[in-house]
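In what follows, subunit A forms one complex with subunit B and a second complex with subunit C.
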Partner chain A sequence: MQTINHTPALSSTTADRFLEPLSRFIIREFLHGDASLTPETPLLEWGVIDSMTIIDVIVFISEQLGVRVPDEEIRPDNFATLRALSRMLAALDDAARVRGAA
Partner chain B sequence: MDFSWTDEQSTLHEQALEFARARLRGRDDDDDRSFARATWRALGDFGALGACLPRAHGGLGLDALTTARVVEGLGHGARELGLVFSACAHLLACAVPVAEHGSAQLQREVLPALASGEQIGANAITEAGAGSDVFSLRTTARRDGDDYVLDGAKSYVTNGPVADQLLVYASTNPAHGYLGISAFLVDARQAGVTRGEPFHKTGLGSSPICPVYLRDVRVPGYRRLGAEGGGAAIFQRSMAWERACLFAAFVGAMARDLELCLEHARGRQQFRKPIGRHQAVAHRLADMKLRLEGARLLLYRACWRLDRGELAALDISLAKLAVSEAAVQSGLDVIRLHGGLGYMSETGLDNGLRDALGSLIFSGTSEIQRDLIARGLGL
Partner chain C sequence: MSRVHLSSLVTVAGAHTVPQAALGESMRHQLARLPEAAGVAQMITFVYARSDIRARHLELAPDELERRDDWYALTNEATFRLACRALDAVLAAGERAETLDGLVVVSSSYAGFPALSRRLQDRYRLPTAARCLDLTGLGCGGSTQGLELADSLVSRGTCKKVALICVDVMGTFGAARRHLRAPTMSQLVAHCLASDGAAALVVEREPSPRCVLSYARARLRTRLWPGTLALNDLTADADNQPLIAVGKDIRARLLPEVAPLLEQLEPGLLAMHPGGKALMQLLRARCPDHADAAELAMATLREHGNLGAPSALWVLRRALSSELAGALDRGGRCHLFALAPGIVTTLLTLEGARSHAA
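Now for the complex of A and B:
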């Protein structure tokens, strides 16, 4: 399994650009510093996302990453793994930028 | 910052107050002792049962702030809050989720009837083992072709004894936990739906409640709200509406409590002067006013945030906690300020306290609100 490399190597323009900050946040807040998290770790099966932690994740995404997650996007396929979450955020962020530019 | 109400909001509030004073007088006015159905239909005619539903589906199309102002008027004028509570549960925890997340077919099918009061909606989530830990529910929904088959038991379903439509939360994938929950609007006449004996509550007496059992209940796929696994987010959203707007009824009740107490404090004489001239009584009334206005401001700020589409979880929890705790204190103040009279149930002066006690529990207990506030503070 690929382990996330906490370096600036992940381009801010890629679909995975939110992987690193998300990973840092989840490791720090919910995994007590255990950095064995990978982009494909099944977050739901591992119990990382529950009724309380999801609020923290949504607030972090909104306040620190500047992306608003609509209720209809809070569904298992978007939160299944870090990669899925990151790609959902990238898509939302890209859509918001397009709207802003229009 | 502008704290003034629009003419429309003021008019709707006044109309709600007048309606409630005339019609929401507790169980005494209705023939049906188990549920005030005629008054319910009158609430529908008035527009309260579809206040924030889209006009296209028979609603008034009001935002959260205006809806809360209407609900405050109802709570202020009602002698007992049970039916207002039922109306808000119907609207905010059943009809609004359908309006926001239901399929077009489902919306066409049920929203006009819910808005008019022809049908009654209920929210069925709580289970014996899933109260504050609400997403640990055990009710399941199994996919079977285009349908789902639901099995489980819901413990406290407000409007359950009279509901036509039940918004049921069930697990479609237990391995996914929080994101394994889906929402379904179940026709209460569906085979396999049964209701238990109604419970008797300490307050909110005109709002019926019972357990609901689901056994091999077949639900068509178009009656699922949102995506499979999206039920928890739908529930959280409905709780945001409920905590923001339903609790306006308790703000209204506190305003009524204060009026009652002021009238008594001005009229009753002890030691050769009105009791309101005694500092201990006057300070109690000052504290009632302070709690009322503080709770009201928090509530309307939360509604304002909700309408702006902002993350309002912290504001909503602050408002819910402030209103419910203040409402209980206000109910106690009514009894203490009226002395022996307040303790006699014949006077009905205990109604406010009885109704308010439940507000500490439903829509998330005060303890859960404090947890949410603490998380909002980054703790």
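Now for the complex of A and C:
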């Protein structure tokens, strides 16, 4: 089973590289394109994304961002905010790059 | 004008309480047999955790559901068994079957004839002339519409004493299903909510020591949301085992349809059927005056899951023994609110209501 180390010390530049495309996608798909999100907007708590729409987010991540999210990482805490989501994706992406380079 | 009394309000959970995580594992196990279900299966952890439900009830044991392949028969059997336990509880509270001249049964999980009400009439030896009526397909809105029917039988003098039984085994209904094709996300979400439960009470003119609430007049308001019939679907596959679906557009339609009604609600006690966490969060945020009522409903959802027809009466029972009951003194109204398949908003208001709960 693949596990991810969500290192708190992950640099913001590295961790945040997925913020913008995720934000654009979520605003376009779930907020009719006319809202703004901060990295800390509580996406689940405010119902921006929910159990019905989460699969659309996963498909976008896979097809447009090129990151495969393993089943065990599809948990509410990893989708709570754009920041949490972006950090998870950065950790997954970094791990995949390390594996690819090895 | 004489008052109507609600007595012997009881709630009964399905006989087996199963943690939500275990039910998620069971679903994962079932879908593992279907390669095309891999995409939906990977969402199970998220969807089940996000439901905020700790445990749900099944009338039949999970290992029995695993063994049996007679879905239709076992669903009816579980509904009948749970209905019997609800009526047992009413009789244990002090009611006598031979004095019941009316029986209203509300269930979306029972299908077939003779009607469930007639089977209960026969088993419990209710008077042979008793009015026995069944309401089906009303989903979670069953209790509001069932109570209105029971009230009308009593208020018009057709019956003196009517038992209302709301019973659904939608948890068993879903857990017993053999998946032959991948469910949709809508079906997965609906599946993770469903639980087995019953609520029953007696509606009568005469006051009794078992009375928990009395009122002067019942008024039901319902509204079909235009163009929403496909949003809350019960679709049978070729194997004739239906699966419930909840469309994601419900969320977008909820506030425009429901918030104005709740915002203009006359003061009183409000018992809300908890459809799901996301819907309740939306209502709580938009209607802060009803935040306590929403929280009580969500607590019921967390502890028991979505019980279907009986759920609003479960919440009412809790509300009558909580601080919220004080709202009856201030407003003199008791509101039962539930959404039904359609989508239909149902709101039953008991005017001139007084609590008699201990």
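Quick note on the criterion: the second predicted complex is superposed on the first by the 89 of 102 C-alpha atoms of A that agree within 3 Å, B and C clash if a C-alpha of one lies under 4 Å from a C-alpha of the other, contacts with A are read in each partner's own complex, and residues count from 1 in each chain.
Convention: a contact is a pair of C-beta atoms (placed from the backbone, for glycine too) under 8 Å apart; a residue touches a chain by one contact, two chains touch by 3 or more.
Everything quoted here is computed from the prediction, not taken from an experiment.
Novice: Just from the overlay, do subunit B and subunit C fit on subunit A, or is there a clash?
Specialist: Clash - subunit B and subunit C, as placed by superposing on subunit A, overlap.
Novice: Quick one: is A:D71 in contact with subunit B, with subunit C, with both, or with neither? Answer first, second, both or neither.
Specialist: The answer is both, since A:D71 touches subunit B and subunit C.
Novice: For A:L44, is the partner it touches subunit B (first), subunit C (second), both, or none of the two (neither)?
Specialist: both
Novice: Between subunit B and subunit C, pick out the one touching the greater number of residues of subunit A.
Specialist: Of subunit B and subunit C, more residues of subunit A lie in contact with B.
Novice: Answer with first, second, both or neither: which of subunit B and subunit C does A:D34 touch in the superposed model?
Specialist: neither
Novice: Using the superposition on chain A as set up above, list the residues of subunit A that contact both subunit B and subunit C.
Specialist: Touching subunit B and subunit C on subunit A: residues 44-45, 47, 50-52, 54-55, 58, 71-72, 74-76, 79.
Novice: Per the contact definition, I'd like the list of subunit A residues that touch subunit C in the complex.
Specialist: Subunit A residues touching subunit C: 44-45, 47, 50-55, 58, 71-72, 74-76, 79.
Novice: Which stretch or stretches of subunit A touch subunit B in the complex?
Specialist: Touching subunit B from subunit A are residues 44-45, 47, 49-52, 54-56, 58-59, 62, 71-72, 74-77, 79.
Novice: Give the list of subunit C residues in touch with subunit A in this complex.
Specialist: The contact residues of subunit C facing subunit A are 39-43, 45-47, 49-51, 185-186, 188-189, 192, 246, 248, 251, 278, 281-282.
Novice: Once bound in the complex, which stretches of subunit B touch subunit A?
Specialist: Answer in residue numbers: 100-101, 133-135, 173, 175-180, 226-230, 232-234, 236-237, 311, 313, 371-372, 375-376.
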